[in-house]
Each structure stands twice: as structure tokens, then as C-alpha cells.
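Quick heads-up: structures coming right below.
What follows is a pair of complexes built around chain A, which joins chain B in one and chain C in the other.
Our next item is the complex of A and B:
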């Protein structure tokens, strides 16, 4: 399977180099190459697609693209209406709509170019098969191929369309705001302009209030992600080992007890935690009634307390999950390794650090990366418990805010979309650097098919 | 039977005293941890039956119990219509689970078992997209739907379904891991016998893949019950279309919390039971590299 060459046709450049004039003309009139080789249905479909794309481009595409360069210049105006003797508002340009339509137009242009490529390739392959067999495959045969050698095309097109429409285009839309001044600042909410890299400069500069907030939030995000990932990983593994210990009775019962806590939806348990840890919440009440403390503990009101509290909450949420995921692997570690270690007189600590941990790290590196990514983007644990508090006066971010919760506050609560988009992109950059570094040190990505 | 017990007993008695104490201590520690982990769950169950109103209680364990909090959820629609929320979530969840399971299984199968030129590039693109905070596209989606006028009225449900299932194809990893474990020799043998790739998928792989399909179905069904962020952004103040998560979050807002806190706990118990049982039935798939359908 591995060595078999892929039967995926030739590239567009080869097609143009080796093809006849019809192939060249197919770039201009899509489907022409198919039509002359008697593939009428296919050719007509290409032609219809071209008509659609051209019609759209002429009717609104060019206009949208032209508008996109300025993002609109006409502001909303008050015009005196003599007949009714009132001021009437005349709609100006709406930059957000212009931006969206512009991006959709660009997407359609890209789609058109892909169709052009497909048309050229299809003309060339029709020509080749004409040369070889004296005829091109019929439409019926093409459809059949969609269920056989081109099955991937049938299976992937809908999911990919979904991802493009609901993930990729929105991402581009949002990211492009980073290069504008779309913000409540200077009331740029209706009409805004391209500003280039200014927002990035403002966010990344060490001085200035925005820059200093960014670096401190980024710092805490990294500390949080590392602490949350490794505390869960190591504690979860220790717990799994502990339950796996041969002297422990009722193993299933213990596992069930811990797993039960993750089975309850997270937002429920997190909201309950927040309620329990309030100054007059259940935990403080309990401790006060027992006479252990006089003043309520400042779980979410003191910076240091709040940071430790969210990490502890995350341990509560995450450890059973790690337990669930690692139990199976722990049981699959070859027992001979442990036996020979025992013969050599190794104590439990040595066995853990020399056998268990390396083995686990080898198997679970991809999992560690996903969990690190998940923790950098861990919106729920922060937003539903500490809500990012405590917050210094005048700052948009609190001391436990991660980049992601700060992004939420900037955009949804405060309408600083430009800065919000910058933060989103910076989160992406942080994650990319982190995962690239980890991938370099792990072989599991390259050895995807190693066991086959 | 009795001999076994005797054998066990003697094994226990054979152990030196300090080891026996150690084992008992270990169980005690485990019990303590289990207790710590279960406190919030106990507390919410106790609170859901608490007879006294208000978000705070002067005792950890309530002094009086009643069923009023549950009854209120299903009879008092003045502020929150809990049955409506359940229905909304159910509709969205049902549509989402069918669509996203189709997407996930298609993508996972294709990337795992078919070989074509753009396979690696597609996987890399998916990885890069996954590195962006999912939140960014969510906010953008909200503005797009707002422009389209989908954030009001029944179309809101469509918007939610679209956003929940649209990007589902990106989360193909667990299912791909499953398909990777089915020996490729099965496909090759079938294709030698003249099977088309579609028939390989339909007649050979799918019957072997029931566990992963069930897992994906259940998992994506539970999604809308667990998600809070997306539904909150999309719904805004549209109370008629609240999902359970958004509604329950609202119960804890300052103006409602005093009246609704105990009912919040009751709602938490009600929705945790189905979600938890779904989770417990599918939990074996969460272990990394779980064994595939065919050994070998």
C-alpha cells in the first residue's frame, strides 16, 4: 500500500505543457476540452460554473473588491428633509459588511481559480484517454469513479465545505480585523479603515498600557498552561498507578468514583465550585463553623490565592480525566521491565522515573500537546470560576485572565475588535511555537504509520 | 469458594504487620481523595433538595429538605422556562449529532484508509486551523449570522446546528485512531476480489466500526448539553431559544440567583444524569490508543 504510486492525475503545468490547443483554450472556456471529446455533461457543468462565477464577478464581485480596498468612506449622514421638516439619517458605508462581502468574494475568486485548474486538468486527461482508448470516459463512468478511485472526493467535500464556511472564512474575517481600527475607541464601530500593523505594534510594545497588559497576560497564560498540563498529567498518572497497585482492593469502584466527577458537565461543576468558594459560600461557611478560620479565605479576591485556586480547580477537573486515559496504557507496560528492575534491586521511585515515566512520555506526547493547547484555550475553567478576577482598576484584563478570556472580554464586553483580533492571532502564534517545539522532539508525528 | 477465602485470608495474615498497616493506610488515603473529589457533587445534590431559599446557606448541610426546587423548574415559567430549554437543547443536539457524526466518520475514514496526493497537506491544514482559538471563528460566526438576521427567531436554531456541526470534521483524531487499527490487509483482499472502495467501506469497514460510530454519535449528542460559550454568544438575550447551559448560567446572575439558586442545583442534577450516563457508557474510548475492532 505504501509503495503504490498515487493515481491522482497530472498537475496543471504538465497538462498545459503537454496538452494541445484545446487544453489551453479550456483555461479560457471551461469545459471546452471535455466538450470536443464528447464529454457533454461534464463540459456543460464546467461551462455553467464558469457562467456563474463570471456573472457574480461582474455583478457584484468587482464592486465588493473595490470597496474592500478602502472599507468604505461615506459616513452616516443627517439630512434635512424639508417636506417632513425632520432630520433623516442616510445610511453610509458599513465597513463590517464590506469586509465580509470582500472576503466572501475573494473566496469565490479562489474557488474560480481552482475550477479553472480542474477544467484544464480534465481537458488534458480526456485528451489522453482519447489517445489511448479512442474515447473519453462517459459521465456515468465518472460518477462511478466517485465511489471508487475518487472516493475521497465524495467523502471529503461536504465536511471540507463545512469547515471552510463555519471555521476558515470566519477565522479569516476575524483575523483581518487585526489590521483595521474596528473598535469602540474613537467610535469606529460603523466605519473603520485599514491601519496595517499598527495594532500589532501597540500590543507588542513593552511600554504603554495595552502592551504591558498583553505581556503580563501572556506570561500568566504560559505559566497556567504549563502548571495545568503537568499537574494534571503527573497527578493523574500517580493516581492511576496508585489504584493499579496490586494491594488495592475494589479497583473498579475507585476508578468509577473519580470518573463520576468528570461525567457531570464541566460548566455545572465549575459554576458550583465558584459558588462554593465565594466569601460567604459553602467552603468558607464550613471552615468558619468548625472554627478553623475567622475571616473568609480570599479565594478569588487575592491575586496569588486566585491563581492557585484556579490551578487546584483544574486539578479537580482534569485528574480523573487523565486517570481515565492513562489507566489503559499503564496496564500495557510490559511486566518484564518491572520484574528485571526488581531483580536489580530498584526501589519504586527509580522504577517510576526510569520505566513508567519514559514509557508514558513516549506514548503520550501527542496527548500532552493537545492538552497544552487545550489549556492555553481553557476558557471555561477561568471564565466560569474566577471570571478573570481580581482585576486592577482601569485594566481590561484581570490577574487570572488568559489570552482567550481576555479576547472574550475585549470583543464581546468592550468592543475592542481590532485588539481582540490581534490577541487571537498572538494566541495562535504562541500555540504554533509551542507545538512546533514539541513536535521537533517527538517522533510520533513522522511515524504515523510505523506499526503497519 | 470457602477455600479461596481462606487462602486469601492466610495471604493477608502472612504479610508483616507494617505492610498490613501500609495497605490499610493506602486505602484510607484513597478514600480521603475520593471524598474530596465528590464533595461538590454531594453538595449540589444536597442543595437541590434544600428547603430554605437563597444562594447562601449558613450550614454546609441543609437543615430542611423538600422537592420544591424541582417542582419550580417545571411549573414556574415566569423567568426561566426549563422544559423549553430542554426541548431546545434536544432539537439542536439531535440534528448536530447526525450531521457531525457523518462529517467526523467521513473525514476519519478517508484520512485513515484512502491514499491520495492531498492527504498530508489536508492533515497539516487541519492541524494549523486547530491551533487558532476556536473562539475567534465563533465570534466571527456570530457577526455573520447577525448580518444574515439568523440571531433572532427560529433560524437561531439553524445557526447553532451549523456552528456545532460545521467544523466537526476537524475533530477526526479519535475516530481516525480507531480506523488505523483495522488491518489494511482486509481492504486489500477485498479489492483484489474486485470490490470498489465504496463497497469496502460499506460492507467491510462499517460493520466493524459500530463502536466508534456509537461513540461519535453519543459524544456529539452530549456536545450541546455541555457547551456554554457558543450558545451564550449566539443566543444573546433570546430567552426562547436558550439551551440548558445558557439558561442555567443566567439563573446565577445577580438578579435571579436568590430565587433560583436551589433550582439551578436541581437543574444541574437533572441534566447531569443523562450526560453522565452517556459519558460512562462511552468512557472506554477515552483511553489513548484503545484496542481496535480486530485484533492482530
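Our next item is the complex of A and C:
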């Protein structure tokens, strides 16, 4: 087992094993160990926290957890009030609210358990301190330590809390829908139930419309991500190389023009391109008026055309970024390598494949992985241009739909939230597998310190 | 010092006493109201704000503070059930979302004197759109259907009775790639959406068989016609402005713009007929109602119901027509406005031609396949050879959730 690089203090179990009775009692009454060793403020804080958690559990926590198991069964009730000539309603259970409160309660329970652990550890450390120095650190000393040698705790506490509250909990909430049947089908929008892994089975099966759509969309998503990432990368690099040649003049001007496309916001560019490439859009009308074509070109109406068109559009919006990236790296390659290669009689192709490309790949592998992950989830380029079209009659996903655009259509347009959540989880799984594999097998991982 | 203090205290008590006396009897509370943003736009007359103020003045027994929020009629079915506690007490919704709202238990049922009021003052077709499981759930404020705008200098009044005649004289834009409009052709030839009257859920959407194939074949031919343009209403009006289009299909929402473009040549007519397999068939649009609903768990049901009735009353609908072109649907007002061309065409469409659209959630399966089918017809992927097969796939797909 690797030795820890830092000292995280004694673990809870060690504390319980080696500590006195007070440490054990601190598990029941938080802060008792601190109070006994004259750490009054710390002890009172722990007690207050325990009071809060117990109060919450008794008042709503137990109720929420109980409801969470069934996700609610009580329907709305109405009573006719003849005097006022109105119906009076008593609202029943709403499963979505129950799910939300249940997950928040679980989070508070976990938080409570962490506080329990902290209380035990703190009691033990107070005891140890008393044995060693005859007294435990006072509150002022603790605060001073937090601002000095234990600064990492005070600085990181707020960001971690923010991440947990605004990223982790909503993520858990959304993902838990994958295990329910929350959907417009069978009117499960108000009261729905847990169904376990049934949605996953349906999505991953080879037969059935959902499964076959999923695998074909996944296949195209991976092809798209590879094609989009590498086309941008290679073309950006080639452009950077050309501009970098000694013979080319006005280097800054060329770089400026190619990066100009970044000045227009992507949204605008993509929407305009969508309009231009429609069957009755600007490009088709122009070509038809010039007599070059008779029928409009099927930019977004034929599968192959549509797929190639979105890749080309992505090159148009993405090359400026890779151009900038690679220009910077190209200029940092040591010139001696090129000179010695020229002395040895190597032509430009050999130089490229033996010097430039390996160096670039080594430096930009993490960037490529990020780019690949980003392209798997590249919502804008697909949704704003082809909108996933062309789509066969009877399918929910179009031929250029990525997992994420398909997820958007299933949830926003069709309200099949349970299937959407499953696809979200599958996207995450795909991304993790792809990134971990690529990073592991890349040179950057194996040889972190040096290049060659 | 103590004299000043006593004087101050006495003044305070006096002030509190008088305010208490004023507030005596007037129940004070807040009502949340959601409407489309245009109804709250001061440039367009702030329809709902003015009416709510009038309502408050007309009811001295209540002292209501209004909180306005934005939700278009089609969004209400998603926004209201999302968070019932934060949702509006009174909101506008489309009757096509009725089943969604009722299954979410979001609407109050109207009974007793309120139900009688709605049944006596509003057309039966629209009131029926708001009935779910034998209960009435709202009061209609306007219809939601579509017809045709045309250029009078290109088409005469006889021309616009037949699509084929129109195509010999000028360009007509039809949004084939949108299931809302595509259905007009299928309904024209007798295909059904949930039974002939639209109320048979088990019947499903039947767009196949010989009737369906004939429609598909007719559409394949129409698309090849130079004068038949496939374009959405928002694009068609741009084309009309440039002179590339002489008629297009749309609802009331683009009436003002079209009047602006065509000026004196502004014409509006019921949808034309089209020749399908040698028989002249009337194109049939969908109709539904936009209505005012009351949240089921509202804390002030009587005030909310009264406000809903007020927002759908004679004066309110008149103001709505003047400010936003919402065709009125209150019985007396309909009779008064019978001479207005748009109201006349709208009333004729609703009463004679249109199919009242069911709010079944199964209707939701129709839209994606219809968009795909319309696009395939437009792009020539559907031909006479494969029309039968494509129509069969189509009618299977519209009854299937697709997952």
C-alpha cells in the first residue's frame, strides 16, 4: 500500500480503539470529549450541530426517507363545496418532490455521519493533546491554525460545499430518475415508481426500438467525435505549419484571417449555416439560379451528406482554436532538431512525421482527450445546424443525432425523462471509458517527466 | 423628553387605528397570474395588467395584489405541474394540454354556477375541448386554428376554393414539414385522428389504408408542382413580401403582418379543397381552444375563478382582439364581430370544417413521424412506387412512442 504523502491524523476506528470512554461517548453526544477537555466553544458547536441534525431527522427526515421508498402513493382529493360553488382540493403526493427531498435528506444523513466521525476524532486528538501537553488547544489556537498550517481546510471548505450542493446533489437527483419510470408514458409524471434496472436493460438490448436506436446513435457519436477532433487537429496543425514556413510573408495577417471566424458567436454562425443549407436556402437557390444543379443539394436530407456537412461545419468553427494552440507549440520546438534533420538530408515529409508530429502529439495529448470528450457532447454544432436530421419515420433519433441531442429531444420534446436519464448516465460511462483508456495508453502518462 | 415620546406613541397608535379601520372588511391577498409575455407588454396594451386592475376595482371586498409571470399557452402544461406551490393561481393554457394538466392534477374543476356560466356564454365546440372525464376545467378565451391568407390581386374569391385552381395562377406556400398542417391533407380524405369525432382514444391515429396512400400520392405530385412551395408561415410571409408567394397557410398570429404586406389586397379564406384521386376534398385543419384555468391547490379559489371568468368576459375578449388579434369566442361578441373577415373565416372554420383536436397524450407520438414524413415527401424520397409502403410505416409510427 502506498504510503500517504501527508498526515491526515488518526482514523476514526483507531481513535475508538485507543481512546477512553469519553471518546466512545462522543459518538453519541457530539462534542462531549471536547467539553470534558475544556474545549468549550468547539464542544458547544458540535452539540449545536447534533441538535440541528436530530431536530431535522425527527421533524422531516424520517418522513422523507419513508416516502422515498415508495415515491408516494396518495392521490389528490377533491371535495365539492356547494355554498361557494367550488371544488376544494387537498393535494396528494408528487413523486418528483419526494425524490428531491429524499435525496437531500440522504445528503444530510451522510453529513451527520461525517460530523459524528469528526466528533470522535476531535475527542481523541483532544485527549492525546492533554496527555502530551497537559491541556488541549483553545478555540483561538484552533482558529489560528486554520489560518496558518491548516489553511487548506478553510480555503477549500466553501468550494467543496458549493460543488456538493450545486453540482453533486443535482447530478444524483437527475441520475436517480434513471431508476424510476418518470415519463409521460402511462401518465407517470405526477406519481411514478422505482423500477430498478429495467430502463438500462431496455436501452442496452440489441432488439427493441430503444436499444437499436441507442447503439446506432452511440456508434455515430464515437465516429463523429473521432472525425471532428482529428480533422480539426490535423487541419489546424497543417495551417499553422504553412503559416510558420520561413518563406511565407505577412504571417500575422494570415493568422488573423483564419482566426477571424472566432469573432462571430458560434450560435449566430451555426444558425445562419442551417438556413443557408436548407433545400430552399441561399446556397441551393444560388446554384439553381446559376444553372449548375437542377434539384437542391441534399445537405441535411441525405444521411451521408448530412454527416459530412456537419463535420465540415465543425472544421469551420473549430480550426481557429487548434490553429492558435498548435502555433504556440510549434514555435517552441527546438530549432536544432530541424537543422540537424536538414543536415542529414531529410525532406519536409520526413521532418513532419519524425519530429513535428510526435512532439505535438506528446504535448497535446491531454488537449486531444479534452477535445474528444467535448466533441462527444458537442450539442451546438449538431442541434443548431442539422437538428439531427435526416430522421427516419418512426425513429426518435435522427441520423446525425449525438447521444446528447437525442437526450434533449427525448426529455424536452417528448417528456420521456427516465430514458433520458439513462442515456445521460450511458454518455458519462462512454466518456469515462474513452478518456481513461486514451490517457492510459498515451505517451504522456507513461513518461510524465520527459519527452523521449 | 417624555412628553415628546408620549406624543409620538399616541400618533403611532392613531395611525395604526385608522389603517385598521380602512382595511376593515377588505380581505387582502396575492394572486399569481401567468400569461404570454405579449399580454403583459405595455407596447401592446398590457392586456392582462389593465384587466386585473379593473377586476380589483370591481371587487371592493378583496384587496388583491397581482404577481405576473410569463408562460405561453403551450408552455403552461409543462410549467404549472413542475412546482405546484410556485405555480400561478390563474393561467392561460391551450386545450391540447388538458390531459397533461388533468393527469398532473393541476386544474380546478368548474362546477355549479361557474360551469353554468361557461356553458351558457361560450360556443359548444370550444367548451367541449375543455371537458376531461366529464368535468369542465377552464373557460375559453379564443380559438386556435388556421386558414389561408391570399393576395386578392392574384386570386379571386372563386379561385381560393380549390388548391388546384390556385396553383395554376400563383404560388402557394404550405408547411408540409410540420405535422400540424400536414394532417389537413390526411383528414381531407377521411383518415381519422382518434375516431371520426376525435374522441375515441382506442381508435388511434389511422392514416393508412387506401385513403392514406391516395393522399400520399397526391402530395408527391403536388410537391413536384413549381407553384407549390413547402415553407413555414414565418418564412412564407418573407417570401410574400418579396413577391415570391401569393398565398400561405397560417393562423391568426400573422394576420397583422400580412395585412401590412398586402395592404388592400389582403384576403383571408377557409382552407381550399384539393383533388384526391378524382374527388374534391376539403382540407380540414385542427381546432382547439385557448383557455383560462385555475390551479387546483390555489388558496383563493373563489377569487381565482371570478378572475378567470372576468378575463374571458365580453369586455376582456374585445380588448384582447383589439390589442392582440385574438379572435373572440364569447357568444354575444361573436355575433357582433361577424362582419370582420378574420373572425368570419375563423368561425366558419371552427363550426364547419375543422376537427376538434383531442388532448390525449398519445397524440404526442404523432409529431416526430409527421415531421419526418413531410420532409421525406418534400425531398422526393417518397415516390409513387414506395408510397404505399411509406404510408404504412407512417401510420404504424404515429401510434408508437418510438422507444
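We take it that the second predicted complex is superposed on the first by the 414 of 452 C-alpha atoms of A that agree within 3 Å, B and C clash if a C-alpha of one lies under 4 Å from a C-alpha of the other, contacts with A are read in each partner's own complex, and residues count from 1 in each chain.
Basically, a residue touches a chain if its C-beta (ideal position, glycine included) is under 8 Å from a C-beta of that chain, and two chains touch if they have at least 3 such contacts.
Predicted model only: the values in this text are computed from it and were never measured.
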**OP:** Check the residue A:280 against both partner chains and state whether it touches chain B (first), chain C (second), both, or neither.
**Re:** both
Original post:
Which partner, chain B or chain C, is in contact with more residues of chain A?
Top reply: B
Original post:
Just chain B (first), just chain C (second), both, or neither: which does A:407 touch?
Top reply: first
Original post:
Just chain B (first), just chain C (second), both, or neither: which does A:264 touch?
Top reply: first
**OP:** Give one of first, second, both or neither to describe whether A:312 is in contact with chain B, with chain C, with both, or with none.
**Re:** neither
**OP:** For A:431, select first, second, both or neither according to whether it touches chain B, chain C, the two together, or no partner.
**Re:** first
**OP:** Return first, second, both or neither, reflecting whether A:377 touches chain B, chain C, both chains, or no partner chain.
**Re:** first
**OP:** Please indicate which partner A:333 is in contact with in the superposed arrangement: first for chain B, second for chain C, both, or neither.
**Re:** neither
Original post:
Touching A:185, do we find chain B (first), chain C (second), both, or neither?
Top reply: second
**OP:** Would you sort A:235 into first (chain B), second (chain C), both or neither based on which partner it touches?
**Re:** neither
**OP:** Mind sorting out which residues of chain A both chain B and chain C touch, each in its own complex?
**Re:** 280
**OP:** Name, in rising order, each residue of chain B that touches chain A in their complex.
**Re:** 23, 26-27, 30, 33-34, 37-38, 40-41, 43-44, 55-60, 102-104, 106-107, 109-110, 114-117, 119, 122, 126, 128-141, 143-144, 147, 162-163, 165-170, 184, 188, 196-198, 201, 225-226, 228-229, 233, 245, 248-249, 252, 261, 264-265, 268, 271-272, 275-277, 279-280, 283, 286-290
Original post:
Okay, in this complex, where on chain C does chain A touch?
Top reply: 78, 81, 84, 100, 103-105, 108-109, 111-114, 229-231, 296-297, 301-302, 305, 361, 364, 367-369, 371-373, 375-376, 378-381, 390, 393-394, 396-397, 400-403
**OP:** Mind listing the chain A positions that touch chain C in their complex?
**Re:** 75-76, 78, 80, 82, 84-89, 91-92, 94, 184-185, 187, 189-190, 202, 209-210, 213, 279-280, 295, 298, 301, 389-396, 410, 413-416, 419
**OP:** Under the touch definition given earlier, write down the residues of chain A that touch chain B in their complex.
**Re:** 1, 4, 6, 8, 96-97, 100, 144, 147-149, 151-152, 155-156, 158-160, 162-163, 165-168, 170-171, 173-175, 239, 242-243, 245, 247-249, 254, 257-269, 271-273, 275-276, 278, 280-282, 285-286, 289, 316, 320-321, 324-329, 363-364, 367, 373, 377, 379-380, 383-384, 403-404, 407-408, 411-412, 420-421, 424, 427-428, 431-432, 435, 452
